[in-house]
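All chains are identified by letter, namely A, B, C, D, E and F, in their written order; residue positions are counted from 1 within each chain.
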Amino acid sequence: MRLLLVNPNTTAAVTGTVMRAAAAVAAAHTELVGVTGGFGPAVIGSRAEEALAQHSVLQLVADHAAGCDAVVLAVSLDTGLWACRELLDIPVIGMTEAGLLMGCTVGTRLGIVTFEHRMQAFYRDLAERHGMASRLAGVATLPVPAERIFDDPQGVHGEIVAACNRLVEQHDAQAVLLAGAVLAGLQPALQADVPVPLLDGVACAVLLAEARATLRLPKARAGSLSPTGGRRVHGVSPALTRLFAGQP
Amino acid sequence: MRLLLVNPNTTAAVTGTVMRAAAAVAAAHTELVGVTGGFGPAVIGSRAEEALAQHSVLQLVADHAAGCDAVVLAVSLDTGLWACRELLDIPVIGMTEAGLLMGCTVGTRLGIVTFEHRMQAFYRDLAERHGMASRLAGVATLPVPAERIFDDPQGVHGEIVAACNRLVEQHDAQAVLLAGAVLAGLQPALQADVPVPLLDGVACAVLLAEARATLRLPKARAGSLSPTGGRRVHGVSPALTRLFAGQP
Amino acid sequence: MRLLLVNPNTTAAVTGTVMRAAAAVAAAHTELVGVTGGFGPAVIGSRAEEALAQHSVLQLVADHAAGCDAVVLAVSLDTGLWACRELLDIPVIGMTEAGLLMGCTVGTRLGIVTFEHRMQAFYRDLAERHGMASRLAGVATLPVPAERIFDDPQGVHGEIVAACNRLVEQHDAQAVLLAGAVLAGLQPALQADVPVPLLDGVACAVLLAEARATLRLPKARAGSLSPTGGRRVHGVSPALTRLFAGQP
Amino acid sequence: MRLLLVNPNTTAAVTGTVMRAAAAVAAAHTELVGVTGGFGPAVIGSRAEEALAQHSVLQLVADHAAGCDAVVLAVSLDTGLWACRELLDIPVIGMTEAGLLMGCTVGTRLGIVTFEHRMQAFYRDLAERHGMASRLAGVATLPVPAERIFDDPQGVHGEIVAACNRLVEQHDAQAVLLAGAVLAGLQPALQADVPVPLLDGVACAVLLAEARATLRLPKARAGSLSPTGGRRVHGVSPALTRLFAGQP
Amino acid sequence: MRLLLVNPNTTAAVTGTVMRAAAAVAAAHTELVGVTGGFGPAVIGSRAEEALAQHSVLQLVADHAAGCDAVVLAVSLDTGLWACRELLDIPVIGMTEAGLLMGCTVGTRLGIVTFEHRMQAFYRDLAERHGMASRLAGVATLPVPAERIFDDPQGVHGEIVAACNRLVEQHDAQAVLLAGAVLAGLQPALQADVPVPLLDGVACAVLLAEARATLRLPKARAGSLSPTGGRRVHGVSPALTRLFAGQP
Amino acid sequence: MRLLLVNPNTTAAVTGTVMRAAAAVAAAHTELVGVTGGFGPAVIGSRAEEALAQHSVLQLVADHAAGCDAVVLAVSLDTGLWACRELLDIPVIGMTEAGLLMGCTVGTRLGIVTFEHRMQAFYRDLAERHGMASRLAGVATLPVPAERIFDDPQGVHGEIVAACNRLVEQHDAQAVLLAGAVLAGLQPALQADVPVPLLDGVACAVLLAEARATLRLPKARAGSLSPTGGRRVHGVSPALTRLFAGQP
């Protein structure tokens, strides 16, 4: 099985972090392919950067999805998720979506920890768009930007653990999702300090993508996610133009 | 007052339709500026095209918002709405958002009529994201693509009227929003054939944008919609790069 | 345009406050007519007073709506809103409704500040009846009655600012509505001390009423808000009796 | 136990219907006192009439609640319910509220049958305000005004049975509430023709009022429903003025 | 009237507590029959024990419901409620359900106090399953197991009062339900120390059961709660086998 | 990996059906162990049978979970799901839960097809308890009992296809879950006749159980799903008594 991991920001180090987390859980026969955005935000830390990254996600799947069996969106805002599901014939899984869905099998109430207080409302909205409003215990944000983890990992780890424990004690969270591509792979290091299971979005997404590929479900032939039947777009790359046009 | 109307698709005829609908309600002292997408979808008829159009919206406001007092997104999916609110210091209003908000002063239950059955779920989701789930009577879709209105306007008018009446009779809609930039300006022609008020998203958005500009509310200095403080993006236009960087 | 502002309590000073706030935003060509309740509560500070004020609202519109182009209910509980919409052929806008609707264009999560802790549940219910449950960040109440603002304005201003800041810091409010007719016009004085936009219900309602009048929507001919077709009432004023009877 | 049944419309025949239904279920030791509105709507068939009837309800309890152990609001819109709960020290029960609450012990999904298509949205809103949105299977309205039942009872009975059966077959209703004071007492006559239990709001309210009186719960001393502490109102009856003032 | 009170745990002392609370409110002509589980959990303090107690509830009604006019489930998790409603022809009332329904006539927002922090999420879910999500102010749990009340009643009383007051002050609860069969009968002793009405689930359930029996509603002949028509079960008691088979 | 599939009804043929469906998707290294209820309902077709089956589920995991890496509840009502999660240290997955969670990666709106019209409300409630209310397009029930599939498979297949297509055409379902253990394994045979993906709950559950086992999440040490710390139960099997007591 060939699995495409899409990091729409332009920071290759994030792709590296994601690939290591993916490799830790992927099946032996799964080949992992990681790609990094060629344009767009350096790191997504606002709604505006997320909007711009939608184009980057589309460009990356247009360039790299051919020959893959499934796609993981390695961006914690699940940017472009349903657009990709519409355009592609293969399963597409978002990392925060995956963490929340898998989390539903772990606890009735889920917490989310992420960076940037300004994104708290966005993550709450995202959880609601995934239909998880009734499962959300709360969103805790760290008082530092995502980039800090490269400079001061121990300091950030301490902040994460504290935030997780607040979600458990004050909001009755029964599991906590570490939301952020740069947080991929941290669960083993932090789990001992938090009394409920920690969820890694990338790990969950890789496993769900493998599961979806195993199911071999067909593309919908009717309804909201059926092929668009060929749409015209202008001024974008030839690969993306062909993808919209429905050409192989 | 100078009002920017943003049509992120590349079809200038749609911008023309929008401008005529806007002019019909704008205040005498309001100057209307309409701009058309330089790249992206010809017409938005799928989730994927909507995702791509986010970049187009950002590009258009980066190029044209300076010197304006407010922005109207003349795209019925309210593409890039919160991203623009985050980036800009002036009010930004989406046309479907505006139609729904204004509709809340008209009836307790609102219907939506639009093109493309595949977009029914998207519009329902959009209404929910606007917090309007409890006000939505239903979404009726026309069995033709949006482009048809240029070829067979009378036929499409008949379909719209029939859909509105179904929403009134079967779903208890007390007002109906005509959702689609190409439907802007149709309300006067169709109103007599529908027993409840018809809402024109562009007209509502222009009036709300004028109202918001009159209120002279400041940009938030804290929280989810405060200035991002300078974000780095790569491979996009200089104007958009400067907008993300927070440079005038 | 002639705009009727209805204050159903019997305190003329409140009408004065409301008229000043309205005049600050109304269009040059808008004539403002303010009326004060002839019977009913001195100030509305409980559910029971709100119930009684419904009659007062109906009486005021029966006496004064003729010849007007729109009505603003200058009572922060939006008393009699849908009843008036049913009876009248012109737009009717509630001040808290207007503040919430306009606020939806400002932030994804809205706070409300008002007087009287006992009314906290009422405002929450009111926001839910307006379909705004998912947009409500919280309701903060001041530990003083509404009348206090006439005696100790500076003290009340300090309480309001503190309450707004609590809503921003603890509940992630991105905008705050000052709910209370006696709070009309305070936004300019308090805005500098609060880091998110403050919404003035009366100002929002005046602008929405003007917008609605500009749209020239017809009265519904079918459904829940169509004319009642003549209803018999007893023991009330001749003007109100005629209004119920559907007589001009 | 002395139970006050309040019919705020001015039609004494409706009070008679209500009293017979109440007598059929009241305990042997319960004394029933029925009162009819002295002013207001002849029959409530619109939102505007409901708004006016709030004053009538308040007037009736001001005049008649003294010496009673509980109050039943014999008006299917539960007019003035929370206002009365705030003002009075004794239990107050609404007939539609009672039917819905009792219905929750009968089925997971409840239907409502009532008159006047225009009131369908109102009853749906009412059920939601009672927190019953998730329990509501649907609201079916009869294509005749409430007054018709006095002229053509058999015809109306047939319409009711048909509506109940539609709610069962198409909306999976497991019990149906006959909402309308004029429908009080009909359950025995119609039950055989409907395959799920029929709920009589007046009967349910009388039994809940007796139950609440038996519990001997105190008036809240804090919060939203505590005594208002004396409120000033003008231009209403002396009894109502005293009730607002908190004077015995 | 003969009323069966079902305590599915195996602790007879709990049945005694329940019977005293029931006797305090039951009508003079009501005969109370209390039964205790013959197998299953000693006290229910987890989801697993609740699951096991479902069998115990079914066994008890199979053995004892014949000849009764209604059943009260004297277990605060309302264990087996809808299963019993399906199997039996007589009304069945859960004690927490009853407390919440009766509470809806007392306040718009209800608090719940119970034992065991681990059950907080369960009670919240239970309230939601009863359709009470919008009425729930909060769930406060005592930091002691239910059994403690037999050893240190005064200490537990103090904890309950403190928890009630937190729900009033911090969560705007207008009434509080004491959830737990071992808490039955405590309301009179604790009421003076809490400023809002306290609800006793057993008392409420007895009164609702009497009310339901008085209504004489028929068993549904169609839909989700109609007789199952004879179902085969294996390896359970003869009485339970006959009950499933639909044999008298 | 050793995976326990629990069929709590007493019909071994259903276990056989489930095992074949599981084997079709399980990883090569996964060992599947299927167990059938020793007492309880022959087939679950009512709420009462589901209640009884809770004991059967607990008994089966007490007898067979030791040495397994995960448990799949092969009963479409997800009977005993959270009870098992509380008692066991290994992942537990319900088949309908799994179908809905996996379905969330396939479409925004999901349909459910199952047997027995009386269970429609139960499945809707179940979806809501899983937090999926906003994702549920509808529940379609077949007009035959589950047992029919053994006698007339082709006839039942036709009914299923028709129900799926109704959900797609009338309710905008983008994927449909075949809910019922006896329907396990049917997806390949029916997929060609339905234009949207069909979900097999057992297949989804096996894949999710494997994924969860791969994640190696620890048992919660705090909160609602932490070990119960030893609970006393009476009159049940020694193995179940030991499981409740927390003894290995």
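A few comments on the model shown:
One rule holds in what follows: a contact is a pair of C-beta atoms (placed from the backbone, for glycine too) under 8 Å apart; a residue touches a chain by one contact, two chains touch by 3 or more.
As the structure is a computational prediction, the values presented were derived from the model and not from experiment.
Its interface matching that of A-B in over half of the contact pairs by residue number, E-F stands out among A-C, C-E or E-F. Here D-F and C-D are compared, and the pair linked by more C-beta contacts is C-D. The distance from the centre of subunit B to the centre of subunit E, with each centre set as the mean of the Cα atoms, comes to 52 Å. In terms of their C-alpha centroids, the spacing between subunit B and subunit C amounts to 27 Å.
Centre-to-centre spacing of subunit B and subunit F amounts to 44 Å, using the average Cα coordinate of each chain.
For subunit D, residues touching at least two other chains, in rising order: 82, 108-109, 120-121, 125, 128, 134, 172, 174, 223-226. Pairwise chain contacts in this structure: A-B, A-C, A-E, A-F, B-C, B-D, B-F, C-D, C-E, D-E, D-F, E-F.
Taken together, the subunit A residues at the contact with subunit E in this complex read 108-109, 134, 172, 174.
Residue ranges on subunit F touching subunit E, taken from their complex, read 10, 38-42, 45-52, 54-55, 57-58, 80, 82-87, 117-122, 125, 129, 223-226, 228, 231-236, 240, 244.
The residues of subunit D lying in touch with subunit E in their complex are 25, 27, 82, 91-93, 97-98, 101-102, 104-109, 130-135, 168, 172-175, 191, 195-200, 203-204, 207-208, 210-212, 214-215, 217-218, 220-226. Residues 120-121, 125, 128 of subunit A touch subunit C in their complex.
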